[in-house]
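In structure tokens below, several structures.
Both complexes shown next keep chain A, but they swap its partner, so chain B is in the first and chain C is in the second.
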Partner chain A sequence: MHSSNLLIFAMKKSLRLATLLIAISFLSFTLISYSPIDPVQAYVGADMMRVGPEQRDKIAEYWGLDKSPLQQFTHWGTAVISGDLGTSMIFRRPVIDVIKEKFLASLALMMIAWILSGILGFTLGVIAGMKEGTWVDRAIKWYCLTLASTPTFWLGLLLLIIFAMGLGWFPIGLGVPAGVLAEHVTMGDRIQHLVLPALTLSILGVANVALHTRQKLIEVLSSEYVLFARARGEKGFVLFWRHGFRNIALPAVTLQFSAFSELFGGAVLAEQVFSYPGLGQTTVQAGLRGDVPLLLGIVIFSALFVFTGNLIADLIYQIVDPRIREGESSL
Partner chain B sequence: MMKVIETTTIKTPYLKLNRRQQTIISIILSASFLLMIILGGIFSSNEKIQTYLEMRNLSPSLQHIFGTDWLGRDMFVRTLKGLTLSLGVGMLASASSVIIAVVLGMAAATMGRKVDTFISWLVDLFLSVPHLVALILIAFALGGGIRGVVLGVTLTHWPSLTRVIRAEVMQLRSSEFVEISRQFGKSSWWIATRHILPHLVPQFFVGLVLLFPHAVLHEAAITFLGFGLSPHQPAIGIILSESMRYLSTGMWWLAFFPGLSLLVMVRAFDILGENLCTLMDPYRGHE
Partner chain C sequence: MSLAAPLKKEKKKLIKPKQIEVQKIMKPVKDIKKLQATIEVQDLSVSFIQYTKGLQQKDLKVISSLNIDIHPGEILAVVGSSGSGKSLLAHAILGILPSNATVTGKITYKGEPLTSKRQEKLRGKEIALVPQSVNYLDPLMRVGKQVRTAVKDGDPIKAQREVFSRYYLKPEVENLFPFQLSGGMARRVLVSTAVVSGAQLIIADEPTPGLDTASVKEALKCFRELADHGAAVMLISHDIETALKIADRIAVFYAGTTVEVAPVEDFKGKGEGLRHPYSKALWGALPQNDFMPIAGFQPLPSALPPGCLFEPRCSMVTPDCSKAQPEARTLRNGMVRCIHAT
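The block that comes next holds the complex of A and B.
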């Protein structure tokens, strides 16, 4: 790709990101300002009876709640632009720190699930595509369609019942063993706690990639160059490797990258079921306990996360696919 | 939806083709299954989900095929009621979602470049935040409840369909009969309502069918997380999140059957929709 092209691409993308982020911040802020949950009450919690009206006003003033929504927004907005997302009410720490710490825990979970579901889904899709119309194909298709209508959290509960409760292979929840000091937690403990949530996420991620790959492979196999290859006597794995693989690998990879949004949503549910202390569980906490700064921070962060995924997908197409690279018109 | 099913099933006698008969049989089976859920949910008495402390924590048996919970409520009836509620919420949310998609898709395709750019930007905007996070935000802002759920699911599900409908309308606009109609001096309103909207009717149902499973699963998910329907309503999400507290005592049936029923219901709707699409699609209908 030419460097000038790359520059235009980057500029267009960052402009898009900027408008999206501004709009998202504004919309979420407006939404939250209509919330019936009283932020002061959410902050004080159960001790509300012991807080007098003067103290109430003090707390409201401390958090800037006595100002108009527009003033609050400009105040918050300018702070966000300078990189300060405010202080979380639950954790009493800067929102950025909380997100960073929780996201790292989630990242391990999401990465494993993402890679596993990608590989498994691709393989299933290839098998189904190569055996189109046979019972293997039908079974895989049926399996994927059923997966697509499975509630994530129920699958998590099911795994919990079977593997943690019934067989006792894995711990029931949390990210680390309960009652153990942080420095005594071994890598093995962490991995053991990670297995079930990661499995939940990856089982569900399979369906999309598999069905897509199957469709693409069937398209490729009905093309003329494959017909010619078959006429030359190629078949089975060799045929797939020479003509199918390269054509379907790219769409599958980009599809995986643009599925970041679902991955994030799935992580929220899986983490909630397994009480895994990641960003997803924190989102739920922030929402249930009315931690507005944290919730807004997570909304913006998740938008960035999804945008990154889509950007990588676009970039891969631009750089890897020779047809788009030469065409240049798609930018 | 039900009406459509009936009108299409009437055609059975003179259709001798095998594939088509299979399609119709699937439609009848899944439709009657869904109908049974709805009727069961509406007409089953509340008597069985009252508290019977002497019948607590029973594992599944012939009398209580899904078992009973810690208050002695029959899980089968609770599940049935939950499914009916989910079905209703899902239908309402996906129908409103599809209406938004049709309106915006038509507007994007017919009202000029600026509107088009704006709407596609709007679509991007709503796709840029994970559905579940957006749902939590909306439910939080509206204070939960059935209104928050329906509105949240509606607002998060229209974008992808809007794109499809926009493309469809674009294609229709440049078709010959629309061009001729325009030459005859018909107004754009006339063209939109007489030529374009009728063509979108199948799209409307296809969209409904595609969105419904997502809508139901998201409703259950958001309720499960504690943002959706109130704990007094017999929703599947509520049943499952309650069951988490009792799982460690070995009461697996509390989570297993309600979730499985939800899965089966969504799948039944899926099959129904898929087959209906096959039947309505003129290119595949004769298969």
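The block that comes next holds the complex of A and C.
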């Protein structure tokens, strides 16, 4: 790719990102301002009876809730542009710190699920595609379609019932053992708490990649260049490795990167079921308790996260696919 | 088999010295008929199972009772309009038809039946395909590497570089991807895959369309050279003029069968030397001849006439023509499928 093209590409993407972020924060803000949850009431909680109207007004004034939504939005927006995402109402800490901490916990969970589902899904897809029409193919297809229609929380509960309650192999929830000091938590403890949520997420991620890979491989296998490869005496694994893998790996990796949104969505539900203290669970808390700065911060952050995934997918195509990479240097 | 075996052995003994001689002198072989055929196709039929209404199956016959043979050092051109089943013939010989195809008839390679097991063994080694277009190359693999995968013995890199320089492909071409090749370069790369394999039977499927005159000439030269080195070449084409330039014999294809096989010399003048009315009509339709198209269309595989396949369009038609498909018979150093041919 030429440097001028790269510049145009970068500018286009930045412009798209800017408009996306503005639109998404405006929309989220509007939705929150119409939500029935009163932040003050959510903040005070059960002590509401003991808090007088004057005190409530004071809290509202302190948070700037007495101003019009538009004023609030502009106020928040100017602060965000200067790099300040505000302070979380429920954690009473800067939003950026909360997101950082929670995201790191989620990151381990999401990465494991992402890699596992990618590898497992790709392998299953390849097996099904190579054996198209046989019982193996049908079994994999059936498995994937069943998974694709399984709700995340239900699968999480099922795993909890079997592996945590029934067999007792894994803890029922949380990210670390309860009642243990932070400095006494071992890596083993963390991993043990991570297994079930990660498994839930990866099992569900498999279906998409597997079905997509299967379809793509069948397409490749019926192509003219595979016919010609067969005419040259290639078959079985050699044929797959030389021509199949090469042509389906890129779409699969791209798909996996663009599935960041589903990964994030799945994490929200899985973390809720397992009370895993990640970004997903924090999102739910922020929403239920009307913590507007935190919720908007997470919205912006997750938009960035998904955008990055899509950007990587785009870039991989630009860098890896010779038809795009060397498209202009043909003789 | 037991009866034929001693005969075959004897035949082989007779032939061997000649074959070596042919390969050494690298000159067009005149007495090709005396050599054992590299490939012989007898009564080949290919049909596809098709679902018509719901679960009702229908056998769609795309090639019916086809006969051809090619000898070492010979180029046989298979000529016919598109949709007459030419490519399927190539795929049937290689054994790469889709799984819903049924093949009947006999294919013999070097005197022995070409079973699907043998096809699998010989594909790419003794029988090579030169496909139609650049689409038959893996879009994500550099072409040099693709040619190397076709090399069966010896050093692949050396063989590939040698063949590239022989076909005037610059050394840097090996690092290009198929989409970066020009039409002529792609053609030469495709021919290279067949050349490096050292195959004895080369099936070229429409190797010339879309090429400029110089490239056509160049491509044809490649095939002539291969034949002169002792390979048997089957050149599939819808372009009779190209075929006439290099072929030794022409097989005229119509609606999935060969209606005539004639030496190339018969295609001259007003086509008096030709045997089948379709060949004559095809010859007469050329611009430099009478430029006279024949009325009607080639029948579709789903609606073949019961008798002679050409009967609905034939100018010599008699009631006997619609009774049964004419048997292939030898006539004046050629083959024809017409009851009236003389």
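By our rule, the second predicted complex is superposed on the first by the 325 of 331 C-alpha atoms of A that agree within 3 Å, B and C clash if a C-alpha of one lies under 4 Å from a C-alpha of the other, contacts with A are read in each partner's own complex, and residues count from 1 in each chain.
One rule holds for everything that comes next: contacts are C-beta pairs under 8 Å (C-beta built on N, C-alpha and C of every residue); 3 or more make two chains touch, one makes a residue touch a chain.
Remember, it's a predicted structure, so these values are computed and weren't measured experimentally.
Using the contact criterion defined above for the overlaid structures, shared-chain residue A:Phe163 touches neither chain B nor chain C, since it reaches no partner. Residue contacts after overlaying the shared chain place A:Phe73 against neither chain B nor chain C. Of the two partner chains placed around the shared chain by superposition, chain C is the only one that A:Asp321 touches, whereas chain B remains out of contact.
Within the superposed three-chain model, A:Phe91 lies out of touch with both chain B and chain C [touch as defined at top]. Measured by the number of chain A residues touched, the leading partner among chain B and chain C is B.
In the superposition on chain A, A:Thr146 contacts chain B only, with no contact to chain C.
Legend: residue contacts after superposition of the two complexes on their common chain; A:Glu224 is shown touching chain C, with no touch to chain B. Of the two partner chains placed by the overlay, only chain B lies in contact with A:Leu288; chain C stays clear of it.
Per the touch definition, chain A reaches chain B in the complex via residues 16, 19-20, 23-24, 27-28, 31-32, 34-37, 145-146, 148-154, 157-158, 160-161, 165-166, 172, 261-262, 264-265, 268-269, 272-273, 283-284, 287-288, 290, 295, 298-299, 302-303, 306-307. Those residues of chain C whose C-beta lies close enough to touch chain A in the complex are 91, 94, 96, 120, 123-125, 128-129, 131, 133, 135-141, 149-150, 152, 176-177, 179-182, 193, 197. Only residues 223-225, 227-235, 242-243, 246-247, 250, 321-323, 326-327, 329-331 of chain A touch chain C when the two sit together in their complex.
Every residue of chain B that touches chain A in the complex is listed here, in rising order: 121, 124-125, 127-134, 136-143, 213, 217, 220-221, 224-227, 236, 240, 243-244, 247-248, 250, 252, 255-256, 259-260, 262-263, 266-267, 270.
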